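These notes open a run of structures that come right after.
You will see subunit A twice below: alongside subunit B first, and alongside subunit C after that.
Our next item is the complex of A and B:
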């Protein structure tokens, strides 16, 4: 057997690791570990010079294993595997020790953090010794795409893909396409008509032969893997099966119900309405109170259900600008009205938005700031002498004064929240929810439309509250990703699958029972289990269940993990009593 | 002098490992006794892995997986749960305190919960004192 020659690289990550872990000492001390041929520390291992260092050493020192001790493998494992490949080494002869997310960033004692780094590296060094070369596998890419959700995000993605001549199945749970935009009048900051934007797109979708539209439809289940998914959909009780290679989830959002905020008493004041209701009013062309009169005093309360620990901690992003848009529309329709904003902060980021704020401020609109965290405004019934229907009491933050504002109509800028079926759908398509119940992207900065399930993308407000341009950008980004894959024709699939050693297999079929993908079948002639590598996703459950040790979970073998445990717990690296 | 327990933690890649990463990116602080091993699914965690950790000197073993219903592989966490209950019984029969082995659900967004769990589990094991398995095994051999 070939001699094991390991290269160890300890990353500083600037000061991110080096501040809490003595990286130079670690690199020096670990050099004496068995089979370590070179051990180096470097400022940024993931940078080009960092990778070149590895590539050069592999060739120069004839390395056949590499351990990089740096950030989470979830961030840079693929980067370094690629580097190994460039040096002519099998990419699986690599292991990472996570000394940033799991060490330098979470501990406060430099000595302890340094010792812990050594144990993690010792584990990785022990593990990598047992790594084996694995060969890449590719499968054909089904060029069809399933899009779930027919709002602006889903529509944009569908058109982008279908315009390239590729098949799209567009699924919508309601009876029409268009989503929330159907209920919007004008859009901020340029006051384009929402209907003029969305209607032609819907027409194009309906007339595009490459797009099959399924209204009143939900997906029942999902099987398969990137490039080769299939699902059962039910439309008006009828079931149908679809096959496709990629999925875009574009299920959008719903409006927050303000009933739970007692101080606004939405349930009992007829003229306290939500932004959704006011938008409908604008679309109908008339701003009227429930009594059919034109309101003289209109107040707009911001952040209803947003940025408050009792409701949602996050900012819903679009409400500030929508509220400014309302001011402009009210000013045009009712030139003599009084318009008040009760706001927490004015968030006017994005192209044209600060300009809209400046323009609105010059239109005799009054802005009153309140404390969103601890002191919400209160809406109460006015008395006859007030000559209005309601009064809003608030402690104005900038002036420090308590003020009362007359109101005939109050518009609550309600938060965006995730759909009630987000969790169920997420479980069906294999996408997790974040703490705010929006879908989690693969990486918040570097991979914002993909998810941890290969071939499944999230776009629009189901991922986080978004305005129209952001939703459209995300949708088209996902479409581009998918088109690139379709164009390539094949996709790489998981190679870390399970494999049966027929000599050891006793034919008990325990693995057949536990496999969640029915990837294992029983060969009656040979009396052994057989793994279908295309269906296997490498979870390793069969490996744990196999009583004879006949199943090997590639890249997560018993030997690899047991050795890692030994390394982590090596006596010389034990924690000292303090 | 306070006893510094050594803890091995097995985390599934998709939820719990990501949750532990999030604790890092959020710069939450927790006890440095915990040493993490990544597996793709909590369903991959063999009883042998846990026993090996105790054999090699771990004072506590913490397994974390996706919340029920959220498993990336549909149901690996349920299989882990079944094995966990048996394994707890087993280590008790061996004369160990069953609380040295625990299973908790940590989602990808629960960085804070992971940091708190790392601290509370470390404290619990500290109170239980050193696990003697390794020592006893060495005397026997």
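Our next item is the complex of A and C:
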């Protein structure tokens, strides 16, 4: 076996690490660790000169292993692996010790933080000696795309992809395309007609030969991996199989049911209606109470089910502007009516939105602020002398006074919440839910449409409540990502996969059902388990489940992990004794 | 007797450390093969059967013994002394049986420490009457001179934690057939595996030989101890909710426990790439629990009686579970 020659690099990260860790001392002391040939510290290892330092040393000192102690591997592991590759070394002969997030950022004692850096590095040095070369693998990309959900997001993505001549399978659980937009009258802030926007798009989809539409359709299961997925769908009870390379989840959301808010008594007041019901009323062209009369006093209550720890903590984002849109529509239809907003804050960000607020404020609309966290308004039945049907009691925050507002109609701006089948579908396609039960994107800022499952994208309101422009932008962003992959033609698949040593496997089959990617099967003839390495994502579940030690998870072998722990503990013990 | 002249006899020693005697009995179990053994070997030391003293061993030249089968763990200073002595006097030192291989049953004492063990035995047991709080001492003066006893250690150690071991012959006790095979390989001069190897056992684990029906349906809602369930005699124990250490245990015993409708307890030790069979098996069992609800999972796990003793029954001293060394 060739001699292990390790290069160790300790990063300052400007002052991020250097202010709390004595990086020069660390680099100097760790040079005496076994097999360390060079040990250096540098201001920014991730910079071009930093990487060049590694590349130069690999060639000059004939290094065959590299450890960089810097930030989290989530940030720069790929950067340094690339540097190794550029120097002609296998990128997996690399290990990172995180002395920033795990050390300098979370400690206040310089001496202790320096000691901890040495300990973490000792673990990495001990681990890297067991690293093995792993070869990259690629598979062909199936150019078809599956889109789940036929609302504005799904439709936008479908058109974008099909317009470039690529196949789209568009699946919708209801009996028509269009989603929530089908029930919307005008859209804020410019009062464009929703129907005039959505109808032509639906026509285009229906006439596009590259888009296969499946209405009344559910996904039964999904197998495969980026570039090569397949699914079983059931359409009106009939099953069909589809194959495709990418998936866009665009399943949208649903309206919050306000029954649970006692003080609004939505169930019993006929003229307390939700924003969804009011929108339908606007679309039908007539604003009327249940009794068929034109309401004189209309109140709009904001944040119903949003921004309150009893319901949903998050802001549903579109309700403020929709409520302003209602004021304008009511003012046009009923010029003499009284319009009240019981609101919490007016959230008018976005193009044209603040302008809509200013414009609406000038239309004899009264805004009353309440505390949406602790002190919700109450809707009460009015007495005969009040000459209205209901009274709304609220503590007005700006004036500090308790006020009563007459109401013949109350519109509840209900929250947007995730669909009830979001979890099941998420499990099928391999996307997790966030705390608010919306789908989680890969990175909240830098990768907002991808997910942790390669080839699966989330767009529109299934990811978080959004308005139309944001949904369309996300949909088209996902489409662009997919088209780029289709254009490239192949996709790289995981190399840190699990592998079964058939000499050791005893055929107990413990591993078969633990695999979340159905990558393991049992070969009856040989009495061993078999890993399909193209399906395997290297999650390691089978490796920890395997009682015989027959399954090895590449790059995460027991030996690598135990050696790291051993290095870490022995250094820690050594430094304590000093 | 003609054979004897052709091939020189080898010198064989058998010794017990912290052991129950079962390993020595397993050697006696060779039955009529004993004649082959004695024809090929001179038994130069075997406390259970022959009256040869320690001083006789001390007097032997270094390397005088060709093969020593050392059974039992290293629990006290006498065990350690003899392990070191025999190492010096022996060419091929074999850790014979689970206790010298992995620590075995006596090794379970490592879940406790010396002081609490002595306290239990000499003070607390229900049948103890020891008003003077007398404890064993390594030396005691009487008018005839000084009496001494071995020192009781804090930790039980495996043989290879004390001296270099050439081969491991696992089992509690090892299957006699396996012993005869290994012994005959040595005396006939067959090519031996590299030092440090496990001999007299298979590479694959128990399931490979086990004839029970196995599937990937290892989902456990309730754990049963063997007496709590009517075993159907043909389905994998794990699939019936009975913990069987077979998957994490080397084959070679002929799946004797399982054939006797008892789950494997793990005496043959781990397959080659497993460092800690107890941890491996717990990890495997964890994946079989059929629930996603943390409270329900905790309740199911609670049903496992004495998990430490169950999963580390034979392997505690050799495992990565160690008390802080002070």
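Operating definition for what follows: the second predicted complex is superposed on the first by the 428 of 578 C-alpha atoms of A that agree within 3 Å, B and C clash if a C-alpha of one lies under 4 Å from a C-alpha of the other, contacts with A are read in each partner's own complex, and residues count from 1 in each chain.
What we mean here is this: a residue touches a chain if its C-beta (ideal position, glycine included) is under 8 Å from a C-beta of that chain, and two chains touch if they have at least 3 such contacts.
Just so it is clear, the model here is predicted, and its values are computed rather than measured.
> Between subunit B (first) and subunit C (second), which does A:258 come into contact with in this model arrangement: first, second, both, or neither?
In the superposed model, A:258 contacts neither subunit B nor subunit C.
> Classify the contacts of A:508 with the two partner chains as first (subunit B alone), second (subunit C alone), both, or neither.
second
> Tell me which of subunit B and subunit C touches more residues of subunit A.
B
> If you stack the two complexes on chain A, which partner ends up touching A:496: first (subunit B), second (subunit C), both, or neither?
first
> Would you sort A:430 into first (subunit B), second (subunit C), both or neither based on which partner it touches?
first
> Which partner chains sit in contact with A:179 here, subunit B, subunit C, both or neither? Use first/second/both/neither.
A:179 sits against neither subunit B nor subunit C.
> Which subunit A residues contact subunit B in one complex and subunit C in the other?
514, 541, 544-545, 558, 562.
> Name, in rising order, each residue of subunit A that touches subunit B in their complex.
It is residues 72-74, 98, 100-103, 105-109, 112-113, 115-116, 119-120, 123, 423, 427, 430, 432-435, 440, 452-453, 496, 514, 516-517, 537-541, 543-545, 553, 556, 558, 561-562, 564-566, 568-569, 571, 574-578 of subunit A that touch subunit B.
> With touch defined as at the start, can you tell me which subunit C residues reach subunit A in the complex?
203-208, 214-219, 236, 238, 246-248, 251, 270-275, 277, 280-281, 283-284, 286-288, 320
> Which residues of subunit B touch subunit A in their complex?
Against subunit A, subunit B makes touches at 1-4, 6, 8, 13-15, 17-18, 20-21, 23-25, 27-30, 32-33, 35-41, 43-49, 52-53, 56-58, 66, 69-70, 72-76, 79, 83, 107-110, 115.
> Mind listing the subunit A positions that touch subunit C in their complex?
Against subunit C, subunit A makes touches at 501, 503-510, 512-514, 522, 527, 541, 544-550, 552, 558, 562.
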